[in-house]
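These are the structures, in structure tokens.
In what comes next, subunit A is part of two complexes: it sits with subunit B in the first one and with subunit C in the second one.
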Partner chain A sequence: MGDYALEVTNLTKKFSDFTLDDISFKLPKGYIMGFVGRNGAGKTTTINLITSLYHKDAGEVRIDGNRAEDDKVLYKESIGYIGDESYFHEAFKIKDIVSIQKDFYPTFREAQYMQYIEQWELPTDKKIGEFSKGMKVKLMFAGVLARDTRILLLDEATSGLDPITRDEVLVMLQKYIEDGERSVLFSTHILEDLEKIADYVFFIEKGGEVFCDYKDQIMEAYRMVKGGTDELTSELEKEIIGLQKSSVGFQGIVSREVGDTIGDKFLVEQPAINDIIVAFQKNMGGNHTWVQ
Partner chain B sequence: MKIVISNHSELPIYAQVKEQIKEQIMTGVILEGTKLPSIRQLAKDLKISVITITRAYSELESEGYIATMQGKGSVVLGRDNDLLREQYLRRIEEALETAIETARFLKLSNEELIDMLGNLIDDE
Partner chain C sequence: MGAIKYMKIDLRFLKVQKVVLILFPILAVFMEAFGKMDFAFVFGYLCFGAIIIAPTAFMYEQKGSDLFIAMLPGKLKDRVWGRFLNLIILMLGAFLCAMISHFIAEGFSFSISGMEAVFMLAAFCISIMIGSIQMLVFYKVGREKSQQWLAMFRLIPGFVVFFGITYASDALIKEPDLLKNLVGILQRQAVMLGGLLVVICIAVLLVCEMLSVKICSKKDGY
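Presenting the complex of A and B:
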């Protein structure tokens, strides 16, 4: 048993057109990590390597201290996975899923599973193909919550959900980590979802890490600055990450230190996590690097 | 206990949580010995991150408002502890400083100001 729900070390995978390059992070037990980056940045690849759907070229993954190479059954059992698409056959009904889960997972508790089905009013007489996206996500949640998992991996699971169901999912994630033993790795490009509940943010771009830190730390390290385009000096421009200029003004992200010194001349405010991530994405290949 | 988080405040979320709990302790809304919700419970209820609440609680602890015991949770401390007493004294000083500044602005003499304070104490 380790202190970390998930430890990823130097994880590398080469494809002909894409390389996931040397990804490392540690997620302590009882916390939520948001995994952000644009489509194709390497989020799904990382998650598929963690679930051992793909074989890694190099590196190591431990879940609660255990590697798939040490105890494969325990490793698989300790992962809950919820993806963008339902992984159940469209023609199945809930009873078919129950029998499959029982076969696959030694710790699957049928009674608890059926409790969730009842609580979330999922129809037992309908085929999965007739379920809404929200119902499918809840069905996957029921499967995860009815087992003894240590890490919940969500791959864009909230995209395409209505706001109410998305909110319900966020509550489920917080309940999942409430006992302080289990953690969530949550890949998304809907950054508002992360804004509040994420403890850590891992930002990936072109297969490599841009930064990984406490979300609060990231929020505190940066300020959004806005002003008239003609007021923008070349000294300030050098300090701005992800500068956007228009005929009526400019905006961009600066470090908090810079923000504190120019507050009397420009509008300086707290950016959303989204603003910071987008600024860094715009700046890719530029001269600003993540400062701790 | 009441906590309302604003998404448009200049104050970071941890500071909003901290200030609101502090205010309720200082005004006696939350009494000595009250057990605060666990960090994870409060994070879930407010839909904010565990680390954010952890920071609010640990600052409340270092300023003497609460004590956290392993496995027992966080409890509101009495007003007689040194750290908290200091906070209250600072509060009184601040209020008095405001009074002095306003008096200077009005060109009130020191005697008049002290008289006023005396009268207010007598009226209580």
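Presenting the complex of A and C:
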């Protein structure tokens, strides 16, 4: 048993048109890490490598100290995976899922699973193809929560959900890590979710790490600066990440050190994690629209 | 044991084709009982059905449910074996249906000649071999490409078995001397030839399965 729920070390995967380059991070037990980046930045590739669905070219992944290479069955048992699309066959009914889970997962608790099904009012007589997106996500959650896992991997699982269901999902994630032994890695476009529940943030861009740290430390390391356009000097402009200018004013992110020195001349405030990520993204020339 | 778990999933995929699964044996009974088709034709038809239904799981894997299966804690070898077991189960199903249809067509009595038994064994083994090669091709070509070629891959092997068996049986009926010689050889060497065919069939099945595992182990997504 390791101290970390998830350890990723120098993870590399080369495709003909994309390379996931030397990704490393550690996620302690009992924490939630938000995994953010644009479409095609490498989030899903990283998750697929963690689940051992893809073969890595270099690096190592450990879940609770175990590697897939040592015991793939045990390794996969410890993972709960939820994607943005339902991975159940559309012609299946809940009883099919129960039967498959019982066959493959020794720790699967049918009574608990059926309790979730009842609680979330999921129809047992309908085919999964007839379920709404929210119902499908809940069904995937029921499968994961009704067995013993060490880490929950969510790949854009909250995208496309209505706000109420999204909130329910976030509550489920908080509940999942409650015992301090399990952790969550979730990739998302919805920065508001990050703000709400992430303890750690990993920001990935073009297959490489931009930053990865404790969310509060990231927020502590930067300041949001606002002022009039006529006050903006070229020196300050060089220091600003994600500068936004209009005819009357400007705003952007600066390091805390810079923020402390200019606090008397400009409006300097604590940025939200959303502001920092959007600023970095803008600085990289991206035009991705984040949901805030 | 692990392979059986995967086989059960593949059998669940067949539920989508339950109409086809029900119609195939019903038609077999009608063909033999009322259409006066010979037993060889009916068994060939059922083998054809089994071969075209066997790759159903490949078709549904392309619709996203592959991720669910890939995430299950199991060994790749078992996963591939499960699919080959699925083929064997379907072939045994075809065999059973042929027997039942023959039983019904014969007015609820059962008689089968030695020649028919040999013929059934041959058709069964050849179908397993063709089905195994078909599976190997699916694994080799990959999910995306195999989707484009799906119809051809599914139908050609089935047609080969169906028309091959029908043509062979017709040709033999038209050539009494050839049939007589063949029957003579088969009667003298039935056990040896039957055994040889079974050995070849098992060898082809095992080689195709091992090659499929090797192919999948190098691919992402398995």
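As a working rule, the second predicted complex is superposed on the first by the 284 of 292 C-alpha atoms of A that agree within 3 Å, B and C clash if a C-alpha of one lies under 4 Å from a C-alpha of the other, contacts with A are read in each partner's own complex, and residues count from 1 in each chain.
One rule holds for everything that comes next: contacts are C-beta pairs under 8 Å (C-beta built on N, C-alpha and C of every residue); 3 or more make two chains touch, one makes a residue touch a chain.
Values in this document were obtained by computation on a predicted structure and should not be read as measured data.
Enquirer: In the superposed arrangement, does A:Gln251 touch subunit B (first), subunit C (second), both or neither?
Expert: Touch partners of A:Gln251: none, neither subunit B nor subunit C.
Enquirer: Applying the touch criterion given at the start, work out whether A:His55 contacts subunit B, subunit C, both or neither, answering first, second, both or neither.
Expert: second
Enquirer: Look at A:Asn283 in the shared chain and tell me whether it touches subunit B only, subunit C only, both, or neither; answer first, second, both or neither.
Expert: In the superposed model, A:Asn283 contacts neither subunit B nor subunit C.
Enquirer: Scan A:Asp216 for contacts with subunit B and subunit C and give back first, second, both or neither.
Expert: A:Asp216: touches subunit B, not subunit C.
Enquirer: For A:Ser183 in the superposed arrangement: first (subunit B), second (subunit C), both or neither?
Expert: After superposing on A, A:Ser183 lies clear of both subunit B and subunit C.
Enquirer: Looking at A:Lys196, would you say it contacts subunit B, subunit C, both, or neither? Reply first, second, both or neither.
Expert: Only subunit B is touched by A:Lys196; subunit C is not.
Enquirer: Between subunit B and subunit C, whom does A:Gln174 touch in the aligned arrangement: first, second, both, or neither?
Expert: first
Enquirer: Now for A:Phe104: first (subunit B), second (subunit C), both, or neither, which partner does it touch?
Expert: Touch partner of A:Phe104: subunit C, not subunit B.
Enquirer: Of the residues on subunit A, which ones does subunit B touch that subunit C also touches?
Expert: Residues common to the subunit A contacts of subunit C and of subunit B do not exist here, since the sets are disjoint.
Enquirer: Would you tell me which residues of subunit A are touching subunit B in their complex?
Expert: For this pair, the touching residues of subunit A are 30-32, 170-171, 174-175, 177-180, 196-200, 214-216, 219-220, 269-270.
Enquirer: Going by the contact rule at the top, pick out the subunit A residues touching subunit C in the complex.
Expert: 48, 51, 53-55, 72-77, 79, 81, 83, 85-92, 96, 99-100, 103-105
Enquirer: Would you mind writing out the residues of subunit B in touch with subunit A in their complex?
Expert: Interface residues on the subunit B side: 10, 12-14, 40-41, 43-44, 47-52, 55.
Enquirer: Considering only the defined contacts, which subunit C positions touch subunit A in the complex?
Expert: The touching residues are 5, 8-9, 12-13, 15-16, 60, 63-68, 70-75, 218, 220-221.
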